Amino acid sequence: MRLTPCDFNRFTQSNLLKTNFGGAEANVAVLLSSLNIPSKFITKLPNNDISKSAIEFLRQHNVDTSEIVFGGDRLGLYFLEQGIGYRPSKVIYDRQYSSFSMSSFSDYDWEKIFKDVSWFHISGITLALNDNLFNICLEALKIAKSKNIKVSFDINYRKSLWSKEKAKETILKIIKYVDICIGNEEHLQMIFDTHDLDRDKHNELTHCGYLQLCKQIDAIHKFEKIFITMRRTVSSNHNKFSSMCYTENNHYFSRWYDITDILDRVGSGDSFSAGVIYSIISKYDIKDILEFASSACVLKHSVNGDICDIRKEEIEDLAFGQMNGRIER
Amino acid sequence: MRLTPCDFNRFTQSNLLKTNFGGAEANVAVLLSSLNIPSKFITKLPNNDISKSAIEFLRQHNVDTSEIVFGGDRLGLYFLEQGIGYRPSKVIYDRQYSSFSMSSFSDYDWEKIFKDVSWFHISGITLALNDNLFNICLEALKIAKSKNIKVSFDINYRKSLWSKEKAKETILKIIKYVDICIGNEEHLQMIFDTHDLDRDKHNELTHCGYLQLCKQIDAIHKFEKIFITMRRTVSSNHNKFSSMCYTENNHYFSRWYDITDILDRVGSGDSFSAGVIYSIISKYDIKDILEFASSACVLKHSVNGDICDIRKEEIEDLAFGQMNGRIER
Amino acid sequence: MRLTPCDFNRFTQSNLLKTNFGGAEANVAVLLSSLNIPSKFITKLPNNDISKSAIEFLRQHNVDTSEIVFGGDRLGLYFLEQGIGYRPSKVIYDRQYSSFSMSSFSDYDWEKIFKDVSWFHISGITLALNDNLFNICLEALKIAKSKNIKVSFDINYRKSLWSKEKAKETILKIIKYVDICIGNEEHLQMIFDTHDLDRDKHNELTHCGYLQLCKQIDAIHKFEKIFITMRRTVSSNHNKFSSMCYTENNHYFSRWYDITDILDRVGSGDSFSAGVIYSIISKYDIKDILEFASSACVLKHSVNGDICDIRKEEIEDLAFGQMNGRIER
Amino acid sequence: MRLTPCDFNRFTQSNLLKTNFGGAEANVAVLLSSLNIPSKFITKLPNNDISKSAIEFLRQHNVDTSEIVFGGDRLGLYFLEQGIGYRPSKVIYDRQYSSFSMSSFSDYDWEKIFKDVSWFHISGITLALNDNLFNICLEALKIAKSKNIKVSFDINYRKSLWSKEKAKETILKIIKYVDICIGNEEHLQMIFDTHDLDRDKHNELTHCGYLQLCKQIDAIHKFEKIFITMRRTVSSNHNKFSSMCYTENNHYFSRWYDITDILDRVGSGDSFSAGVIYSIISKYDIKDILEFASSACVLKHSVNGDICDIRKEEIEDLAFGQMNGRIER
Amino acid sequence: MRLTPCDFNRFTQSNLLKTNFGGAEANVAVLLSSLNIPSKFITKLPNNDISKSAIEFLRQHNVDTSEIVFGGDRLGLYFLEQGIGYRPSKVIYDRQYSSFSMSSFSDYDWEKIFKDVSWFHISGITLALNDNLFNICLEALKIAKSKNIKVSFDINYRKSLWSKEKAKETILKIIKYVDICIGNEEHLQMIFDTHDLDRDKHNELTHCGYLQLCKQIDAIHKFEKIFITMRRTVSSNHNKFSSMCYTENNHYFSRWYDITDILDRVGSGDSFSAGVIYSIISKYDIKDILEFASSACVLKHSVNGDICDIRKEEIEDLAFGQMNGRIER
Amino acid sequence: MRLTPCDFNRFTQSNLLKTNFGGAEANVAVLLSSLNIPSKFITKLPNNDISKSAIEFLRQHNVDTSEIVFGGDRLGLYFLEQGIGYRPSKVIYDRQYSSFSMSSFSDYDWEKIFKDVSWFHISGITLALNDNLFNICLEALKIAKSKNIKVSFDINYRKSLWSKEKAKETILKIIKYVDICIGNEEHLQMIFDTHDLDRDKHNELTHCGYLQLCKQIDAIHKFEKIFITMRRTVSSNHNKFSSMCYTENNHYFSRWYDITDILDRVGSGDSFSAGVIYSIISKYDIKDILEFASSACVLKHSVNGDICDIRKEEIEDLAFGQMNGRIER
């Protein structure tokens, strides 16, 4: 559950918090469901009415909640202070000791969970929470792999959750089970220890530099596909966004978007992931995969909350058409 | 009545709707009243407390409501989802079967309505609702014409209300009763079937192209004045706006405005129309008519709701002065 | 107390007012307290629950309220309509006849007030309210000077409170007691009657012109330091900001900030003053004083209310680091 | 969709409407789902985002929405002004011309709808909307009967929807297909034309009178069970409630509840119906059926919206335990 | 303008104030207008947008605002903290120095004001504000009397505005111009110095005592009619109310109302006055005058704000029918 | 921090939570500070902006926060669903693993904490959290005792925090350090295992029974004073309240209050405790102690939030005067 002061108030100014439910993997599941890909969300929740609200929220968005396990003391929370102009957004995590973070491998019925499943998505945030969760994920990944389930992994590094060293060491342990790797340029460089990349005069990677980055990763582990998201932060409400996809034989850079009047940026990376999964499942070509996923990511910035409440037609209009803010009437 | 989710929520996210009253002709009447031009609004409303609210709203803004007729089942509604950034605004109309749309010519006492009236304004939206309303309007226009009342018509084409063919056929039937024709470039081209207009490399009409457009219209019907509004949509919250006026002997292009941080765009065209009517009645010259009307239109973007709650001094400051966002204190 | 319609509504559209407490000197005291400079606020308030709220607000922000005097009829109010885009903000003052504006010199125990005090800050708004307050201030300044207390004065000219002539005449009477003078370029020119300043083709002062301005002021009165704030208003939500500091032997121009998505501009000048006082007390050099004060001023634009609820680290990050709107998580 | 002014404002005072979804049969379905009785809701909705919200709402509450049909122009609305003290609540219906009310028998796939269904519930409001809907219901009832599906019918007479004569004539046509008949004393007397019932000095029916009422109905049609709800309205926020069940060989009167501080009374009758259906399916005895259903009805008065968001344990605590408003902590 | 913290918050808890317009005479004018008695409101307002809102509010409710005069500095305000249970409501007046309270007799064009006027109503609050206003009222009353305009006066004693002695002395100066005198039992006893009234064992006046009260007043001045309102305060949300009318030859006591769940009590006395004026103008008999006025007063308790937004049918239903809180649908 | 859904919504209905700060001992400290008894609050908080808000809240209410210690991961939370009518309030605690509950004895500088302190108050909730906190409390009590600091203890049993057996065993270990014991009748019976108390026909304790209860406790431990609060719950919004005080030589029963329209009951017991402490410090006699404390408790029910934002005069008016809900104006 996210708790957000209203009207761009600071934490210290607010006595009213908007709540919504989300989380990296949940956000991916919701958007996939809304794109008509049946999705299931796995977690452990305490047996109370806050959890009931979370489950009703997922069910409203057509996510299968039948494998959610009950027990433990609390639902993980985080507080979000929305930034504006020169003031950045701030997150206070309160997810330690949650039912999920203290759950054990045996809480989950993995055979049932993976029955008829063709894709398994996991976020680096989950690995970061504690060693226990890392081990659960690792075992789950092994099972998934043994069942030929496709695995996507979004690095999602958060410096307040773990150190760079810990992240690097941990993530390198799981990449062998991962088919699709998603991350931003900074985190990919950090995890894979890349070097000597080509940069322009503003010290930004050039296209050539991005390719070098992918090739150095490829030398460490041959992912089926690497996706890089590129974000330039002009201000809290103004970002620029593009992305890149790399495969052994091919690569593609999406168009750049100039995202002004950002309403809510949280979850935009998860929309990108969902867009990637959807369009791979739909057998789009590399260009369309990337434009669809980028469009989903960009449109998320215009939606309140963690999830991307956007229709497939809207993503397509922006990705492939010329939607630009006219009133539809 | 317009129903709008708060805080840029999507329809599917909202359980709270802001309401306000408006409608093309009502918006024009409210701004004219606030500019001290006595105005009267004609419609038919059901006899309930929602209508009472609508009437109190008009009365608050000094619009004469004495000729509003009561009966029928419902007040026309529309739902507006406000867009932001790359997400466009969306309108869901729910105005079918309204008391007004199902009213008949004989519901209204046209002699009383037109008594001491010097100007009659009508919007294309009204014609679009159904054939019945078209016929009422047509008869009303004939009476107005017979009484030497000046008639302004705003094309206001809405593709969700009627097809291009139907609009074209219908509008061409009434133009002979119209003195002042207002529309945007796209709708004017469509209705009057213009062709071979001069365009720049971005495929936008050049000044020369706009003149050609007006001249081709002039060849079909000699309006006293043609007003063209020009809007470039950068994003949901950022538009550029200019306008043009054409008369047989003269024409003028207003300055371009760069409208950022749009609060509410609905009704801005109606503010333009009211600005046109006010400044023609006030015998402004063509340049001042156009700058006044454009300023009214531009300022509307900074006001919540359908109506333009802006003072005459504020319109003049922007049109003719240098108002630019300093705090007035 | 400030009363502000919600959601950018106009006064005439609103039936809900957000309230917050502030005022030029109070805003300075709050930011200084939050920067760990013990601060005391002097005023006179009526003995009612609105005042109690004001005092609780100051106490919450660690301002010493023990010298506030009680009596009289009312707390000064002002109504703020927040502008957007081309529509400027509007202030309606309702501070006449307040307890403070009708207080007398003997209401305050100046010996106690100035005990252990090293700095005294005063705003031109206070002088503007009436002759009575001017005289209280004048006497207080004399006492402060006699005790070697450093005095800063922010011109803060408001045309709705007094005429230019009155302001000029009054302010010139007190400058001999002032060490640090703060003002914007327009007000400084007006008060000190400067002339023949160097300007660029847009008629803006050049760096050379600013220096001439300071030197002409210096010829009238030798302030310890002169601070000039420079603001260019692009729209209600978009300003550009820079500042300058002049001392007999030195001067410095801060970087220019491009402030978009302004949330609340009121009190930004007071944040600048507090930044100046803090960094002088902290013995920063001229460059750091100016960058710290400018950063405080710029960040204020992203905070609701009159006060600057910003941490020292945040001001430093923007002034000396590279904070630019990334989410901190 | 229900639209309700906030904070007990009158329609004419409100510019903010709370929305929620509901409707007699939908309310029954939601409570049954929450009691773990799989439920399906049948209607026709326009293909827009308002309908999408309605469907998400039902799905959130676990109601099967797979048989909902799309088409037509509008979703039925109603406006509710919540009364307080001596001021009664007011409803403005705006459900004419809705997709549902204009739907036809062939829009629905009855074989699929009734597959594996054991209970069919219908409300008198649906019959009241128009002859078309009555005929659809009549045919559906015949099919249900032919498949040995149990049928419950809640009279739910609304004087603004149809006349007493029309209601009587219509309802008598369908009772032969009904097993469980639910109604309040006033409507039952009206529909079944009962006479000479025993009354006390306040002119209220005595227990004996209620029995006479049921016996006279029984003489007209032998329902499996008749349920009578009894409500005494002290004020808008204070009602008294009891109920009675009659079968050929048995009858029972529930305890009287004194319902103060009513939050939202709409849908309480539907909660009674759901309670009846649940406890009959659960094979409760007549006493427990009635106390469970009454408790569900009474608790609904403490829940905002049309649906009864109450847990089974809470209904049982009130029905069979001693829950009385202590904080549960 | 009234400013009220939301949701029963105390002044010290609130940062959001609901605003509405009202005032003793304005409230009377609004209800009379809504009862189709053309009404005019006289005051002086500053020339700003807060006043514009006040005027739009009156115009919305059909009150003639054409004689309102502009000038001066401020609109009178008051802050209302709504009580609940054992905590009483609290008012902080901030109406000193208002444009109205500092206006002079010559600001108003009395010939124009009283043209075609048949009734003049005045409240004791206006007399209480200061001597200046008392003198304006006194002169206005003389003119009204000279024109045979009927005068009603509501004592409306407020202890925070003046002392008992001052009120008594002042009010006795104007009673000779008053035809209809309205007050509660406590204030009438105080102003007219009554004595030895018959009381029951709870020390409440008996019917006989009320008659003695009226007769003693009658001995001092022969009013056409005396109205006494009787209120028993059980708690902030629960009052009992009745009223009495006395004429030389007749008297009547209305029924007692038990008013629970009070939403907003302010202005209920003004609704009583408006009810009195309306029903005297409508030539009701003494019983109907009193029941109508009491009903208007009682219903006001269920309406937010100072004015009584209630329809004539609703007042009649409660006064003469059996409206008791059923939903009207 | 308490998180409460608005407008009596259930947890599952709400996407907006009101926040406020409180806690048993904090509530006592705030009311004592507002009664001019200097108070200090001891806890451990994480070093983030949520804690900063909590501290600002305490400082606003004049509570000394200088001994609050920083560290650990989280601030304890609880969610409150406000009941209404037959629906009881519900609390979901989320205070496990809070910085305070995981703090150690050595985190606190007890010499500094108890310097110049004359009274130490502790609540049973703190003991209930875990054994660690119990031990810290036990040690602190020993130090307090050794310094002749008076100790009050409020049993505050919460069944969701610990079992009866655990509570009994734990509390009996600390009573030797307690001078003033406060509890409700049910908890006192449970902890002290009382038996054979005199009861009336409704099974409620008689006055005689309460005396027996106190005497049996007295036989176990000779407290200086025992306070018993007595609450009868009619519904969520309607309670009855009284209290009793017992000393070796004396006892007193306060009047019964009928508390309707309860706004917020949480913290009312803490207001009673603060009232007890205040009036003992103020050397009130036993009757006045009890009436003052009861009045504080009763008035709390009319204030939103955990703390009792009530003035001393208001408590006295209800305790000793005749305040009953009249508007104070």
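Just so it is clear, A, B, C, D, E and F label the chains in written order, and each chain counts residues from 1 on its own.
In this section, a residue touches a chain if its C-beta (ideal position, glycine included) is under 8 Å from a C-beta of that chain, and two chains touch if they have at least 3 such contacts.
If you're wondering where the values come from, they're calculated on a predicted model, not measured in any experiment.
Shared contact partners of chain D and chain E are B, F.
The pair with more inter-chain C-beta contacts, choosing from B-E and B-D, is B-D.
Here the spacing of chain A and chain F, counted between their Cα centres, is 45 Å.
Chain B has residues 10, 12, 15, 56, 90, 261 in contact with two or more other chains. Contacts between chains form some other arrangement here, matching none of path, ring, star or all-to-all. Contact residues of chain B toward chain D in the complex are 3, 6, 10-12, 14-20, 48-50, 52-53, 56, 73-74, 77, 79, 81, 90, 92, 94, 96-97.
Of all residues in chain D, only 7-10, 12-13, 83-91, 93, 158-160, 233-239, 261, 265-266 touch chain E in the complex they form.
Looking at the complex, you find that chain A touches chain D at residues 56-57, 59-62.
For chain F in complex with chain E, the touching residues are 257, 259-263, 298-299, 301-305, 309-310, 314, 318, 323-329.
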